[in-house]
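In the two complexes below, chain A is the common chain; its partner is chain B in one and chain C in the other.
Then we have the complex of A and B:
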């Protein structure tokens, strides 16, 4: 009798749990799972521009993409951009966290000033920088003050990706710095006190205590930042449209371009699938690094 | 007890989410079914709702049994949304805006647009020029009517030209400057240091802005009826080399985005800007002394001016074809409705009477500066307006051309980059056939 009541109660709790979770689960299915299945299914179809007819086309979209020199260039641009940008953001946000963790005057103000750009929407950041980086803009005026020649920035194939990297870093540093500061606060003071008694200097404490114990928050920042950077779209769409000469044609912009501008939905969705796989591999590798750290 | 009460509550939330999700697909509230009762028309467009609110209001006052509901779709997603909605049965859409270029052809091939040829005669009689109606015909069928039109002008800052000792261009519609004369004048402004920017375009790197140069130089549209792209021929190479030279020589700036050009002219920082009819209100807002001249052409070539704007078509799947035609007739053929359609956007209406009122208003807005505006606009629309080509693959061609122009502006070699564009855009069109 008692057992039957207990079973009923357990079943009811499960039902309640399912019912409480259902809004989130339904939203998850509708907004993540269904679009993902739709992307995968459309990636195997070809839509005729002339008639709008859609037909199953096997692996043709993937074959086309993987043999298209344009897509190779997109992959190279995206990977190089991420290989440079993400480690730079991790190193710089850690450095800023370490600096603002010192007993500096007005430290709260400095931290806030570093964080403020993170609260500005990406499109606004892009517009501010587009004005600053135009050939007769603020940045070139500053370069002229120190006697340097004007730079073409966003109008040059060799500088455009770098310029976008700078503006992304400017917007992201403060945000990621907060996570590193949280990690710094977690390091027990006792360790520093013990090191001080042993006569360790600032640098020694940094390399033997701070950085090893910051490895987890730094790894988190690297993973989250990598995902964000792979999905970068607004600055490219607003500032360069992938140019000059494809030098800023990052994968998200290329997907948008193929799907919405060229109307090549099948290839656009195949590219989405490739991006998902690429991100899954990169994140899996980064998680592995995180796990080793835990052991 | 508490858990039992929570259960239906949570289930209700879940059901609510499902119901919300289910709502996403349909937008037509067809109360009455159209059998003499109330009719609701859904009008899909890519503008903010207030743009069309005035003409809808005017139409509803005359037709109390018809309600027009807007479906405002962001411009960037407009074509793909219409393709998707109409491809899935077109449920709910009665009228839709149709972009210039290949949109009417693409949507005709897909069976999205109703044949409205019975409006043709009245539309031509009411329009400023016949070609603004016939440009939307495919295979002898009229598929859309344009309530709005555009043209291109050469605006100049009289104070800047005086400081540089440059005689301003004539306002005679039949005697435009050549691009060569314009370049020479821009150089004089540059040498005199009379303005920061000798020459601006309203829309850098867009096909709409540059098509007239290619056509004037004898290069045609850059794409033929079979989808063969040719920016490498002599005509387009002449136009593209001229464009390239403007930036190489510092007569026009790199790195300035399209949202800033009007403001730079308005602030007196530029000597010339090639822009549309909207350039008048932009220039007026700055309080500068300026004048308006016809758009230039290439020496030895034909005068050509870019034109067109949105047109409006009727869905072939509409259950209210007659009511939809009535609304389309009101916003294009009826002078009052046509004027109302253009009122908020401040754009040029296509109806002769509405056009005359619009021109009068523009000319009154700036005195001597815009005295010749109406004559130039009418002359260009009637004599040398170039419509964007209605060819299969236009939707691929236009963004590809934009990337080509942008790269040339940033210093890419016109011949090499054009050859690359011919091949890439052509291959992309071929793939999508």
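Then we have the complex of A and C:
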């Protein structure tokens, strides 16, 4: 008798749980899982521009991409861009976190000022910096103050990717800083007190306590930041369209370009799949490396 | 950490310089946006103090924006962000509450699924999804703009972490008093959960306010463009004053800035929850 009520109650609460979870699960499946599956299945098909008919095409889209020199240069540009950008963001945001996590006069204000760009939409970051990087913009004005000649920035094949890197870093630093600060707060004060008794100086404490214990939040920032940077799109689409000379043709813009401007849906989806595989591999490798380091 | 007085001075100087350097572009955008048309350029070469002090300007750039597509965009951005917060929380709160308080078979698997799916970066699948939205007749509609942002696994995650911290005795006491599960959630749990609701709400808001690729693909007709798209389109016209672009940029910046002024604590705490447990 008692047992039966218990079972019935259990069944009832399972039913309630299903009801409460189903809107979220349906949304996640339809908005995240289904498009991923659709990208994979479309990547094996060819859509005729003339008739709109779609037919199975095997690996044709992949072989086309992998033998296309244009795609090779997209990969190189994307990888080099990320190889420089992400470590720079991790180092700078950690440095800012180390400074602004201290007890200093008005530190909350300084921290908030550094965080502000994180709230600026990526498209607006691009617009602000494209104005600041104009020949008669803020950056060249500041260069002139210290006696340097004006730079072409976004219009030069050798400086455009760097200029985009600067704006992305500016928009990202404060955001990632928050995660490092959270990590710093998790380090027990007792460790520092013990080190102080042992006579360890500031640098010594930084290198033997703080940085080793920050490995986990820093690894998180590196991984999350890499994913974000691989998906960079707005500044390229708004400012450079991949140019000059393909020097800023990052993979997301190339996917957009192939799918919408060239109308090559199958190849575009194959590139989406390659991007997702690439990200999965990079995240797995980073995860692995940073994990082994810890043990 | 104890420091010498000299150490404090060095660190404070570093903090102030870093803050000023990072904040300078935003300030410059504000001051330049008050110079009519493109006249901010006059203070650039050579760089004069007027480039950073907002005196003698006016609001013509702002009034110029009010008569164009930017105003429609701004209205749409508010509408879409507001709907995203309301519906996003309405979906995430019950899901998180069920995960945190109901012991049902498969709970661990459901939670793992949500965390894993949350890690699929949305922009990577935005292009295939926009193709599907075309088939589902959702292109160029408000529903199309809002729906993908409602699938926010991180908001569920943050709320669940918070609900887990609510003492079980409190929930049992409510049950003994004869409150049903939904009444307990509504009357006891939610009033206690303001920080997590604000944090999750900010995440939902910013995910929508910062979006660019998705609204570019879906909000295609001028009546349904969001503000960043309208502003970016405006910037490609050769006839437009850069002063107006800066004014629009400042509007799109100041809105999340003011919200963060009030809610930074809750938002950053929610962010750190996703980072450290994830």
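As a convention for this text, the second predicted complex is superposed on the first by the 283 of 295 C-alpha atoms of A that agree within 3 Å, B and C clash if a C-alpha of one lies under 4 Å from a C-alpha of the other, contacts with A are read in each partner's own complex, and residues count from 1 in each chain.
The rule we apply is simple: contacts are C-beta pairs under 8 Å (C-beta built on N, C-alpha and C of every residue); 3 or more make two chains touch, one makes a residue touch a chain.
All figures in this text were calculated on a predicted structure; none of them were measured in a lab.
Overlap between chain B and chain C is detected when the two structures are superposed via chain A.
Of the two partner chains placed around the shared chain by superposition, chain C is the only one that A:36 touches, whereas chain B remains out of contact.
By the touch criterion stated above, A:262 is placed in contact with chain B alone, chain C being left untouched.
When the two structures are aligned on the shared chain, A:156 is found in touch with chain B, with no touch to chain C. Once the two complexes are overlaid on the shared chain, A:243 sits against chain B while remaining clear of chain C. Contact with neither chain B nor chain C is seen for A:215 once the two complexes are overlaid on the shared chain.
Contacts of A:45 after superposition: neither chain B nor chain C is touched. Counting residues of chain A touched by each partner, chain B versus chain C, the larger count belongs to C. Look at A:114: by the touch rule set out above, it reaches chain C but stays clear of chain B.
Within the superposed three-chain model, A:182 lies in touch with chain C and out of touch with chain B [touch as defined at top].
Stretch 259-267 is the one of chain B that runs into chain C, the other listed stretches 169-177, 187-195, 241-249 or 259-267 having no clashing C-alpha atoms. Taken together, the two complexes place residues 13, 16, 19-20, 23, 27, 30, 130, 134, 136-137, 238, 259-260, 265 of chain A in contact with chain B and also with chain C. Contact residues of chain A toward chain C in the complex are 13-14, 16-21, 23-25, 27-36, 38-39, 42, 96, 99-100, 102, 104-105, 107, 109-117, 119-124, 126-132, 134, 136-138, 140-142, 144-145, 170, 173-175, 178-179, 181-183, 186, 192, 196, 202, 205, 216-217, 220-221, 224, 227-228, 231, 233-234, 237-238, 252, 255-256, 259-260, 265, 268-269, 272, 275-276, 279. On the side of chain A, the complex with chain B involves touching residues 12-13, 15-16, 19-20, 22-23, 26-27, 30, 47-52, 54, 64, 70, 130, 133-137, 152-157, 238-239, 241-245, 257, 259-265. Touching chain A in their complex are the following residues of chain B: 3-4, 6-7, 10-11, 13-14, 16-18, 21, 76-77, 79-80, 83, 87, 106, 109-110, 196, 253-257, 392-393, 395-396, 399-400, 402-403, 406-407, 409-412, 417, 424, 428-429, 431-433.
Of all the residues in chain C, the ones that touch chain A in their complex are 1-3, 7-8, 11-12, 14-16, 18-20, 22-23, 25-26, 28-29, 32, 41, 44-47, 51, 90-92, 94-95, 97-99, 102-105, 107, 110, 113-114, 117-118, 120-129, 131-132, 147-148, 150-151, 153, 156, 181, 206, 209-213, 216-217, 228-229, 231-232, 235, 242, 245-246, 248-249, 252-253, 256-257, 259-261, 264, 268, 271-272, 275-276, 278.
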